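By letter and in written order, the chains are A, B, C, D, E and F; residue numbering begins at 1 in each of them.
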């Protein structure tokens, strides 16, 4: 990531002869947040030859004004790492802070509801996206499509609809006995079908929390161990309501997007 | 990017035996947009062994309902590429569409004002971010910090403030005669100082468009060839106003963030 | 993989001037087997500029003497690819053939018992190892340790033994509602404990098939949906017995090791 | 190699909250062996943030029960590295131990006979395979096909058989004056032909050690400096016999395959 | 770079058993030069497990006989790194020393003339080539073709010649307001055209310094801020003359080629 | 290599709108040479989406004015690939042409003398350097230090000088029976010592061809099969003399350096 921004050197520092100035750089959030990315940022300054002091680890909370990372070196080194470190901190602290808001929201209503982030993160940076998700108290919904079975409507529509798939669900389950099989549903009727067919997880797509509550009631009556996952439009403002509806898992892409967190960055002589 | 999501296979397709079904997949925007990412998405399906038909190239406009990419293959191949392709199309078409909105906005007021995207894209995916920026009619502000000289306040504060730097600007310019030297200013007074010192570019940080207009007037009176770049909070809703103020360049990170574009994806038997 | 064996050229072909001879190379198994690696081998010859003809795909069975891959080119190209292609075919067809033997063995006794390969493949070549496993009709037991929960004795011994873990199993399950939780047991008593605690999967380590049968009976009586996985010393010669014992999953590393399959390779003028 | 097994985290440790337990991990062979892979295993634990203590270097002998590597850290870190380190140690100590057995066997009969491993190691992990070979006292037969000249029957059959090649051997040797030229033979008659033609090395393929002894006698009578290499089916049980037959080099793939060495791994609180 | 030369080990050291000898290696220039590559060379010896002592950093001058790098270790380690380190030091010190000669030459006549290296370095090693250029006091002319605008004759010939391009220069400049636009000229007449059209930089190709002086005079009379870059056949022997002619920038590929610097390398017991 | 020069796009082509012009590019040597690099250059244009026509393969001779590569595409694509392709062609055709001059020179005196290039090529681009060497009719002296045994004075000085090493040469040879053992000598006396000790190759360092002739005579009298390699200052002007002296191998770094070959490059509308 450093090479993207600094393929060779900082031309501005060089023409201004900043290489001879001893300085420190401080990264300080402008508002309360859940930190993510201090380890990666520290690594960038280390590679550039600066000394570092990591004050808040990923996953810890920081209040506005509380410095999370310091680096010491010459001003050219610090300027080389500045923006890359800031970008990492701001983007991934944004994700972890939004995840934390969802986790805290859901926990108000139901302590065991988990917040799971989808595969709809930005392509190419899954690793840091999932780190930020976990730093905020969430879990990945699926690491990818090789590790779990989630039958979307696009799968069963190829085979004749949800009824057909429900009819063959026992066979499907026998092929992957170590996995829970999830079936996506878009209505209460379909949820009932899936519960009766023995789906391990019913993933509800884009239904209001009242309907989720109805599905929880009916599906768990049919199959007490069934897991109810709610997806589609879930975010920090409605996580509590969906958790209160009894969903075991809230599946969301909302935390991946939105404004980066805001960090104040200061470089000063030491 | 495929490996992130599909390290080995699509387990769902496999346990459902979708590999024997011939199908097609269609990617169709739900609203008008400027396309970005069809080439990369096509490449993903090609790697998976599917046949493809690219209907809109990056940079072209598509209207809602107009399919931009089709792939043909067995249903397992198509499901393997689905989400990665969709993610690429949605995120990068989002950037290109927002850039295009800024370009169109600015053009209403002043045809020569350029929209430039900052280095504040997501770390690790600069290449696609800049492609999307260009697809929308923008330019990169700086490719990185090795290729251009932009003296931020953090640079000159280390040396005693903008006055000190303005005093040494001729020396700095002599060291990089093939580059334009940009100086960041935060007030009209500073802009006047920079113009008098011979700055090639005055980059205005977070000032209202009325002040930008005033700076344009004063600075160009002092130095007719000076380039005025406005930065800080500029987006599609105010690009016209800043362009009307006479800025030559609008520098923004706004296009990199916000909701991904929305594509409808259909897989169906053929 | 080609670069490992052929960093620059084939010195023998070069000093013997074989570059001018048009030839073909044929890969033919010496005994019946389940093929794996023809796609990778074909790719190697293509990279070298040879034309190829893939006669058996990975996963297909071939009988002794039935050629699975042919390549045509000059004799220097063919010699450059020879040994790498042969190594790939022999090692990975060995894995797929041994897996197939286990799958066929288990199927004699119980059609729904799955053969799963462990993480104990050779480090650095997981991708081809899992491909060979699947080509033989098996599945990966776990893709890695990020995607599933398997509580080994080394985990619970840190916390005070299996009883302690069984006591907290509901809490553990609530943290990963989308995953089945597996508990490793080394005796019938422990299996009963785990079944009562609600383990989704009971993984039996190194017990004779008679004990497995007893565990199946007792554990399924307690928890009808529990999955029984048997591990430790399972191979083609005893897969049938363990399947007959009622295990749902046979977990093995046996297919990864042992003699490579034997292919006859002929290069001849055309 | 770590990423293969642990793309993100150890889910089991995470849901069991093992991250807060200070522990150590110990790797101890269950039988006497020649160690290989402690450096790579140590590196894995270091990357994970654990402290390490390397007690036996690759190439050293360890007796059953003698710990070769220790790492200290939190239990989550140790579980992340466990299986990858164990796999490396077991597979490559297996190769080095089998090589050592061949070296020791040959040395009983003839101190200057070298054990050389072929190019038939597993594709993709040549580097560690050759390290293990050397750790056991062997040498690579050929690093690849760019660095040496070995005329197999498949080479000379293209040109009309061994007689034709022997006739042109002086020309071939003149093209690579810095290399020894090896000719593969499958009978005593061919060996005599090759010796008379000036082959630097005669590589005997799949002949009993009695025939090897006869070839050594005849070929060295013709050409005293000729090197006799025996290949095909040579392993620890017959290395002594082939060395006693006078072969200068024993060429084998046998050490690359077979059961991995067995290490006991313990994780315990500290 | 180490792997290129030492894919596995140093066979000579191994058969001579040098691994048990403690030794040091010293790199000492045979003539005065500007050092480049000691950091990379030190890194190579560190990777090999040797201890190092870096006595001259890249960019510093060393006189003949003054050791710039020392490494301590066993003789096998030192021989493994020897030639790669020597190659790096010799090639890149050659570039930095030749660059320094041009910088010093130009400075005799005109202190503000910059020496810029072209993109015509060896492909694949741009990074070290530019490091050496900077170590010698030069700057990269262009990092690549994405970061700057230089209109060569091949560009304008496609559009109808220099007159056509000069007519559209204001439009071109408006599209890249943050960049200086350079126009290549091959005569005084063309230079005058370009200056009148508002070119920011006039790059003179292969004209004698007397003509350069004439162009400087005429072009700066037309456009005082225009930058004059001279290219084509410029080297240490004529840099002073071209600087005296008033060129602001001397563009050259000369420093990239020519004899490597000569270092004496000693390995001795310690 | 393309990314080094063109990380994103050709800014000049873009601001000049060259993307809409159909054009061809032609690479034509300005003097007779042995071509190297047309395959790599063709690949670059293919990656950029241009169509290509390779007229001379690496290793073929081209006369001045004879086009070796053509590519067709839009003018932006062609400008993106231009300089990288030109750099590859010029540098590596330079190496192959200089090698060819040495090969032809030596062949005048002695048809079996081989030209071998040393390991002193530029670090990081060994692969293309060796390709160019072979294209010119040469061979690599050593691919690296893992594949051959060459005892330099720095090796034997650690052990007490050439006499000590000669005394142990039989033991050294027994450890690597498949390799020829080379000993570097710096005088006739040393050559005689080495020949008597049984060195397979005597590598003469920096002695005049008259002394080489004397060494050839004496050494071959002692050991008829010994190979004489001459190194140090050998180039196209003296290759014939050294070959005439009877050296079997001429070892040189001379071909790697010196002026790149000169190609005329034309872009024109089609």
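Please note the rule applied: a contact is a pair of C-beta atoms (placed from the backbone, for glycine too) under 8 Å apart; a residue touches a chain by one contact, two chains touch by 3 or more.
Chains and their UniProt names: A, B, C, D, E, F = Putative pyrophosphorylase ModD.
Keep in mind the model is a prediction, meaning the values are calculated, not measured.
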Shared numbers divided by all numbers used: is that above or below half for subunit D and subunit F, i.e. same or different? same
Upon optimal superposition of subunit C on subunit F over Cα atoms, what rotation angle is obtained, reported to the nearest 5 degrees? 120
Among the chains, which is located farthest from subunit B on the basis of C-alpha centroids? D
Select the interface copy of A-C from among D-F, B-C or B-F: the correct pair shares over half of its contact pairs, counted by residue number. D-F
Measuring centre to centre with C-alpha atoms, which chain is farthest from subunit E? C
So, in whole Å, the Cα centroid of subunit A is separated from that of subunit F by 53
Cα centre of subunit B to Cα centre of subunit E, whole Å, reads 33
When centres are defined as mean Cα positions, the distance from subunit A to subunit D in whole Å is 45
Set of subunit D residues in contact with two or more other chains: 7-9, 143, 146-148, 175-176, 179
What are the touching chain pairs in this one? A-B, A-C, A-D, A-E, B-C, B-E, B-F, C-D, C-F, D-E, D-F, E-F
What residues of subunit B sit close enough to touch subunit C in their complex? 7-9
Given the complex, residues on subunit D that touch subunit F span 112, 114, 116, 139, 141, 143, 146-148, 174-180, 182, 200-201, 225, 227, 229, 248-249
Can you list the residues on subunit A that touch subunit B in the complex? 1, 4-16, 18, 21, 23, 75, 79-80, 82-84, 87-88, 91, 119-126, 128, 144-152, 154-155, 157-159, 165, 172, 175-176, 179, 181, 257-260, 265-269
Taking the complex as given, what residues does subunit B use to touch subunit F? 127, 130-131, 134, 140, 143
